[in-house]
Structure formats: C-alpha cells, structure tokens
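When the chains are written out, they are named A, B, C and D in that same order, and each has its own residue count from 1.
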Amino acid sequence: MQRVGVFVCWCGSNIAGTVDVQAVSDALKNEPGVVFSTNYQYMCSQAGQDMIKDAVKEHNLTGIVVCSCSPRMHEATFRKTAAAAGLNPYMVEIANIREQCSWVHKDIQTGTEKAIILGKAAVAKVNLNTPLTPGESPVTKRALVIGGGIAGIQTALDIADAGFPVDIVEKKPTIGGKMAQLDKTFPTLDCAACILTPKMVDVAQNENIRIFSYSEVSEIKGFVGNFDVTIKKNARYVKEDICTGCGACVEKCPMKKVPNEFNLGMDNRSAIYIPFAQAVPKVATIDPSACNMLKNGKCGLCSKVCAAGAIDYTQKDEYIQEKYGAIVVATGFNPISMDKFDEFAYNQSKDVITSLEFERLTNAAGPTAGHLERPSDGKSPKTIVFVQCVGSRCDACAEKGKEYCSKICCMYTAKHAMLVRDKYPDTDVYVFYIDVRTPGKNFDEFYRRAVEEYGVKYVKGMVGKVTPEGDKLKVQASDLIENKQLHIDADLVVLAAAIEPDKSARPLATMLTASMDTNDFFTEAHPKLRPVESPTAGVFLSGACQGPKDIPETVSQAGAAASKVIGLLAKDKLTGNPCVAHSNELMCNGCSSCERVCPYGAITYEDKEFRMPDRTTKIRRVAVVNPAVCQGCGACTVACPSGAMDLNGFASNQIMAEVDAICK
Amino acid sequence: MKVSYFPGCTLKNKAKDLDLYAYKSAEALGVTLEEIENWQCCGGVFTTARDEVATKLSSVRALKEAFSKEQPLVTVCSACHNVIKQTNHAVQNDKEFSDKVNRYMGEDGGYFGEAEVYHYLEMLRDLVGFDALKEKVVNPLKGKKIAAYYGCLLLRPGSVMKMDDPENPSIMEDFIKALGAQPVVYAKRNECCGGYVSVESPDLAKKSSNQVVQNAKMQGAEMIITACPLCKYNLLKNGADIPVVYFTELLAEALGVKEDTDEQ
Amino acid sequence: MQINEHKPLIVAFCCNWCSYAGADLAGNNRLNYPADVKIIRVPCSCRVNPMFVLRAFQRGADGVIICGCHPGDCHYTSGNYYTRRRMAALFSMLDFLGIEKERTRVEWVSAAEGAKFAATMNDFVEKVTALGENKRLEDLRCKK
Amino acid sequence: MNNKYLREELIRESGVNPKKCMKCGKCSATCPAYDEMEYHPHQFVSMVESGDIQPLLQSESLYKCLSCFACIERCPRGVEPAKLVEAVRLAAIRKQGENRMTANDVAEFLDEDVPQQLIVSAFRKYSK
C-alpha cells in the first residue's frame, strides 16, 4: 500500500474563490492510502514545494497528489520537487482543479464537489503508480532548417556559429525569401538588400551550412534527436556545382515571356533564369513548364552557350536521406489572394496593386528600376490611396479574409506613404485606416513622422468601393472623424493584403506531427514561456510560420530558436519519456496486432524460451517494445487481444481506477 | 428539359418583353418553362426581419410546388429571384422560421428547403451550358459592346445567392460572349440603381442611375442589359442615353426567335 | 421541466495534446460548462480501451465522450483514426444493447478550440440529461 | 417602449450582433445613399448598441436606405447593418397610424412605365 500525501493549492483566489480548499483536503484525508492532507496558498512557490518535501520526509510518503492547475502547467515542477525529496518523480499525480474546475464553474458547492471527485481519481491513480526510469537515446548533431527566408537564414547562421552543421531546405531556386523582395525596411529605412544579401553570402560561405535550394522535404520519420528526413531536390536541369551564374544562358534564351514571380508577374523572365542578381546559390534554373527544349525537344540554345557545360536536360529529381537531431520550421508567409475583395477592383484594374507589388515598383532592382510608374500606362501617379486591413481582422464566419491582425501592414504602409512623399512631394497620399497599430521600438514615432513631416493624409475610415473609370480610379470611402463620405480620383490604389502562412506549412505540420492553429500557423509549446518550441519535441519555430511578424521580431525569434537547437545538440544523450508501452511476455501470444497499429515501428518480435510447468522448455514468439522509439500513444494496448500490452504512467488498471473513483 | 417557372407580377404587366422572350428563347434551347399554378406575387422585396413570415409564404408555396414536381424553380426577374432564394435559404437555415412557416401553411406545409432555385442566367450556365448556347446562336451579335448590369438584387447577399462572385461577377459577361458580342466590364455593374427609393427620393435614384450609366459608357459600352424591370425603368427614366434592354430580348435576337415573337 | 432534475455523470476522456489542452483553454477563457463532466487525461484518444467505456457505464456513468485531435492532426500521426473506428464499432454495439447513441460520442477538439470544447460539453450534457438516468446496466452495477 | 427592451427586440428580430462591429466604417464607405442620410449605416449599428434609438426612429434616414445590401456584402465583421436599418424602420412603421405610405400616395408617382414591382415593394417597405 502506498503512503499518499495530498496537497491542495489555493492558487491565490483562482482556485480558492470557487472551491472550498479546506473541504477538499479534509475529504481526501479519508481516501485509501492517504496519510497526510493539507492545503496552501501557492503550492508551486518555494514555500509550497518545501512543504511537500518536508511532508515526504516526515510522513514517509511514497506517492504525492497535488490538486492544482493543469498538469500541462506544473506537472514538471512537482516531479522535480518529488525527486528533490528522494521520491521517484513519476510518483506524482496532478488533479486539475483550476482550468477544469474552478475556472469553469461558478458555484462554490458544485466546484468543491467536483474538485473532491477529481482529487479522489488522482489518489486512486497514484495508489497504482510505479517508479519509472526514463531511457536514453543518442543525439544526431546536425540541424535541419526548413525555409530559407530571413528567419531560416538567421537560425542557420546562429546554429552554424556554435559549430553544428546545418542544412537549409528552400523550395525556391534561391534563399532570401520575402525580405529579398522588399525595398526599404521600417523604421530605419535601410535598404532590405543591403542588410540581407551579406547574410545570404555568409550562409553560402559558411562551411557548416549546406543549402538545398529548389528542394522540398518529402518525408520525416523518427523523433527528437533522431529524425530521418528525405529531401526531394527538384530537377533544375542545371548542374549546380558547375554553373558559374554568368547569365549567358539567360540572355540567349528565346523564351522570354514567362511571368516573373520575383516581381509578382509585373514583368517577364526567360525560361532559364536566375531569380535576382544576388541570388544564393547563384545558379540558373530551367522552368520546365516554359522551356521548349524540355517540352518538345526543340531549342537547346542555353546548352550551346554555356561555356561551363552545366546544362543537363536529362536531370531527374533527386532524393536525399539525412539524419537530424533537431528541425526548425521557417516556412514564412504570403499575402492572401485579393480575388474575393474585388470591391477594390484588384482584378479589374492593373493600377490596383498589393503592398508587396508596391515594394517591387519602388525597388531599384524592380520592373520599373525604382521609378514609381502606374502598371497600366507607365504614368507617374499623382494621387495614391493606401487601404489598410484588407482581409485582416475579418469575422470568423465570413467566407473571406482572416480573423487576426496581420501586424506588419500599419508600419509598411506608413513607410510606403512616407517614401512616396519624400521622392515625389507633389503626390497626394491618403492612408485609410481602422486603427494604426505601432507597438514597437521607434514605431509610433515613425508613423507620426509620416503624418507630421511628410504630410501623408491619414483618414480614419475604410474604402468601400473602387471604380475604375477612364484612366482614374474613383475611390469611395468614409471619413469617420468628419462624418462624411469621401470621393477621391486616384491614380494608384495600394491594398495592404492580409498575410497567411505559406501553403506548404500544413502538409509539413502533418509530417512533423506538430500542431497548428485554425489559421495554419504553427502553435508554440507555451504562448508565453516556450514561444519558439513546437509541442512536438525537437521541432522549433522561427519567423512568420508561427504568427505575423516583422523583421526585427523574426530575427530575434530565429536567434531564440537557434539557441534552443544548440542546447539540444550540445547534449550527448537525451533522456526519453518513460511513459512507454511494455509487453508482459507471459501473456503475449505473438499475434502481431500491436505491431500493425504502432505508428513508429517500435515493436519487434523475439523468440524466447519459456519454462513450462512440467519443467520442459518451449520457445515462443513475443512482442518487444523499443523504449527509445516508442512515443507512448497506447494504440497497441487497445489492439492487444490478450491484455499483455500496457502503458507506463497510463496503465489500464490506473485508468480503470480513475473511472471507478469518478463513478463512485 | 422541363423546369418550373415563376414569372412574377411585373413580367405579366409592364415587363412583358422579359417574360415573352424568356419563353421563346427557352423553347429554342429545348427547355420547357412550366408556369407555377396559381403563383402569387413574391412581394417585391425580402424582409430581413425574422418575424416576418406571412409575406414570404407565396415564395414557399412556389418552392414547394417545384419540389413536388421534382423540377428546379427558375425565375427571370431579379427581385423574384432574390426573394425566393433568400426565403429558401431562411427555410433551410433558420429553424424557428421554418417551423413558423410550416405551421402557417397547415396541410400545405412540410417544406424544408429542398427545392433548387435557379435564375434564368444560372439555368443557361449550369443546366443548358454556355457552350451549348453558343452553338444555338444564329445571329451572333458581332462587335456589339454590351455592358451587363447586375444591380444589387442578383448577387447579394453573396453567401445566400451563390450565383457568382458578388464583387467581380462574370455570368452575364460569359452570356454576352456566348451570344457573340463583346462584354464591357465596369465596376458599377453591381451597384444599386436606387430603384426602391424612386418613390421616396427621386434625386437619389437619379444620381445612382447616372453613376451606373456613366461608368458603363466611360468603359466603352454601347448598350446595357439587365434582368430587373425596376433597374430598366430607373435607368431609362433617369435619362440613360444608350439602350437598356432585357437580357432575354438580346438572347431571343441572337437565337433568331425575336422576329416571330414581334409578329405575334 | 422536471422538478428534481437528474444530474448526469459524464466521463470525458481527453487526449493530452489537443483536447486536454482545449479543455485547459476553455478554463483560461472562463468558458462555463456543467460540472457533471469529469475529465480523464490519456496520452492519445487511441489509449481509450473499450473496456474503460464499458466500465464507466457499468459503474453508473450516464454518458461517455472521447475527445481527440482532428483527423490528420494526431500527435501520434494516426491514433485518432483507430479511435474513430474502434468507437464506431463499440457505440453501435452499445446502441444494440440499449445504451442510446446520444450517450456516447467521439469529438475532435484541437488545442486551439477552447470554445468548441465548452460548447461540445454543454451540448453533450444537455442531450444526456434529456435521456435521463442510464438504467440499462443498473442490475449489473457494482454501485451500492 | 423602453430603450433596453427595444434594443433587444431590434437585435433579436434583425439577427444582427452590433457588438461584432470594429468601427471601420466600411458600411458607410460603400453606402450609395450616404449623402441623403442623416444617420449613416455605421451610426445605426453604434446607436442601437448604445440604446440611443429614438433619434433613429424619427429619422428620414430610414426611408433613404436602398436595401441594396452593399454594406452587408462588404462588412468585414459580418455585422449586416442593412438588417438593423430595416428592423428600426419596421419598429417605426409598425406603430399604429405610422404607415409611411398609403394607397392614396400611389397615384402621385404612378406613371405609364412604373413596374408593379416598385409599387409592391414600396408597400412592403413603407407600410404595415
């Protein structure tokens, strides 16, 4: 029989407000096995933990029940306390009487009754707990970064700096991501290329970093410290190691009418292309959907002009297998499609553009060489209307748009408006806003400068309709402060489109078994205290894949993710989770049911010698669980027809005991 | 193909053209319009108040009849279409409303939104097919620059009408293309003509109508087509200086059945 | 309305990664649901042995609900698919035995869906309350 | 009728939840009748929410709304202001003797081309 101690936490008034904690500790005193029961204001505090340690010694406790907040919050804390008191840490059970009791019930009587029942269930369970010892597994000292934008680049550089090898997988032909497309960056207005491209070069030159560009992750197996990853390197029809990036092929390619995705389709590129001058790796790529040679075998010009002989029309997709200890997700974001917002006439006029398109229009390396020209006729716009929150902050039930604030639009719109007024002072610039959100260092000052120094007209209100008429865009909008409807004849309308996670994130999350929120942003292990870790061990988050972020935030999160990876890779061995399945070989009949349902291939079979009652021996096939591979889901325990398979920490008799305690 | 047909009050009076050409064209396309027996006026406007039940019963009766004949219910008039589709949606999605409706209907009740409602244009697109329509055209309207005027009733609310993208529709443009003419896309095509206030506030109606016509003309239109008698009335009354005709008239012309209709 | 309204006893099995976290989120957001619901934490919904469900009914539970991650989102890749199949078989058998289908349910609740958790529990408790006490296994009960 | 009761009645009948409004003004930005209205769509939402309903009941704005649903279609929050305008209008004309239009008024605007649709809908909208 266990000697159980019960500790009921008040959590200040969080629990004590709706649960009579004294009544709970009194009621649990009489439960089987309980030899000590008390309550205290903050069990998780040092004093509370000391109280537990003292009680363990004084009453020779063998099991502990803490009635407190969710085990997801403080189970680890109290396990450490138990260990410090000389107990096996797995002799602790938590009754969740805060999140699942005091916070969701208002009435003190029902709250107290339920808390007592939850406490009884925990006592019933702890009575059947057994000491557990975690196993150990080795760590592969190599990290994988998925996505080569500023988030991925920074994470890779920081990990490589600590001396660990890193691979970056980027689906585009070059790293650089969205930041490479930007013109200037807020709030300092330094040029994006000037601060990004040196980092890209650092990546290329760092001997600890390998870049798999034009590649995707196609399969992920394994677990923290031991991931087995398959990378699909798409055929680019150019030998990467030979190509010098001279660009002769690009110049000679006769197929020049392919929409240039780097400039968001605002100009054309050739079928063989290098996305931009500072691309890393600086090698050409053939677009198989546009190349005549690949489509019908007629052309071959690029091969003829390539002095290095790098063109290879027969190249095939290549699959690379690699082992990693940690994986960082840095898949980034995209602006949402404007198709469903045609009240702004995005599909009806070339002069209605998104903010990212505006970045390309003002970028010296963009389609207009940095001159602000209207896409329709090349004239310089005299009146520009910026519309904020297009598709952001929408109703959850609406069929279009996103529920969240996209966070970066207020600042980049202020930047765009300011830059226009700076370069073209005779241009009228309107910004329609619902709220201007500028919580960041020097952010509000920046926005105020746009208004006060640069004379950008900020109007509180929204644009309701844009009507292209002749060569004008008739903008109908509300001015809520002056309580009137405005009609503006604009030359250019710029939409601050909401941002969403890249489409590749969802299938990747499935491969990683990492959780996502309803908007397909990766969820963090804890929104405040573990913001760069996924709940899936060994998977870390960097940049906008976790939520909308600007560059400074992305870079700091990238560094934080890198430090977590370094912390992991620095270990030689990982302590595993002892809550794994195990088979009672005397009961196992080797039927393979468990093996078939195991998602990790953790179960194998061995022939074992058994001594029979008549002193003969018999060889039988029995299941054996590899504790380093088993993740403890318990699928096998239910599949097992003989009841031989059980799960540490969540044993069948423990769960039954909980059911009994609740239903008593 | 046989479909149930709800003409509506205006089509039997001031908008006889809309009705007649709809019949003739359907015939030419191999579609029989079977008029709902004893149909009653839809009321012209869908009252959004959830406690208005009696005013929506005529729509429910029409819907029920179409459903009992296992036919889609086709309408031509934008207003009837809007009222009937919104009523059907309310029966499907608002249980309280649907219960009330069925209690009102008594023995005629037992309708839960099963019927399918098509606008004549949707019928052309989804049941006949614009490609098939194109093949039946005998007088292609080559070179004509025609602006489609949707107005407010045909598309909104988009989540209920589900006819087309409410902000950038293409069904009438595709229709115009199928007839061999050239559609003119202009942004005001889904803005209101001000029809309902032409009694209360004629100036507002005039302003709204003018903006529509002006926008269409500036984008190069030589003619405007509509599915709504009120839109047509309003645009013409407020001085549209390009022809405004019903889409069915244009259809009949392209199908070569307009002349014999005129002779009747 | 009944005068002595029966308070049902509901056992909810919640997977650790999604639904238990969803229940915690319902708590964080103070979304009320009846105290009749008692949650048992399991690593994955596929850990729920049909025996546990039978045991609960035998011991006097009026309803049993199993919550897991959404299909495709299982922390263990495929556990919730097993749950779905196993429980479909079990529930139809229970229905055959006279334990109404409304007393059993499998629901997917993600860690982000605190509101869905509370709404699901409110709805489930309402349905089970409407059915009244679960007398079907009464004579087999070990209950005093 | 007191304002609290009227507010609840309007919300129930229209099915609109004015609390969802984020005060962006897109409804008023897109409203074709804006200039004729004393109170604009966004004000209807805000005034009903705050219970300041009497001025709305007496306002000519009730009869300027085109019921064109542009505000409903374009509201990013799904608030549906036009349904609220209609609910307030019904609250005004459903009072005894408050019909906006009677059969006698029809003769005034009747011309040769007026479609039946206009007469029917004017009755639906302006009298009970």
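Methods note: a contact is a pair of C-beta atoms (placed from the backbone, for glycine too) under 8 Å apart; a residue touches a chain by one contact, two chains touch by 3 or more.
What you see is a predicted model; the values in this text were computed from it and never measured.
Looking at which of B-D and A-B shares more C-beta pairs in contact, the answer is the pair B-D. Look at where the CA atoms of chain B average out and do the same for chain C: the two points lie 50 Å apart. Note on chain placement: the centre of chain B and the centre of chain D lie 24 Å apart, centres being C-alpha means.
With touch defined as above, residues shared between interfaces to two or more other chains in chain A number as follows: 343, 465.
Residues of chain B in contact with at least two other chains: 158, 167, 191. For chain C, the set of residues that touch two or more other chains is empty.
Chain pairs that touch, as defined above: A-B, A-C, A-D, B-D.
By the touch rule above, chain A contacts chain D in their complex via residues 343, 389, 393-395, 397-398, 401, 434, 460-465, 476-478, 480, 483, 485. Chain contact summary for the complex, chain C toward chain A: residues 9, 11, 16-18, 20-21, 23-24, 26-28, 30-33, 35, 38-44, 46-52, 55-56, 59-61, 69, 72-79, 82, 86, 110-113, 118, 143.
Across the complex, chain A meets chain B through its residues 339-343, 345, 347-348, 399, 465-470. Residue ranges of chain B in contact with chain D, taken from their complex: 8-10, 13-15, 41, 43-45, 47-52, 55, 77, 79, 152, 155-158, 166-167, 191-192, 194-201, 203-204, 208, 229-230, 232-233, 236-237. Touching chain C in their complex are the following residues of chain A: 70-72, 96, 98-101, 103-107, 110-111, 113-114, 117-118, 121, 509-510, 513, 515-518, 523, 535-536, 579, 597, 599-600, 631-635, 637-639, 647, 649-650, 652, 655-656, 658-660, 662-664.
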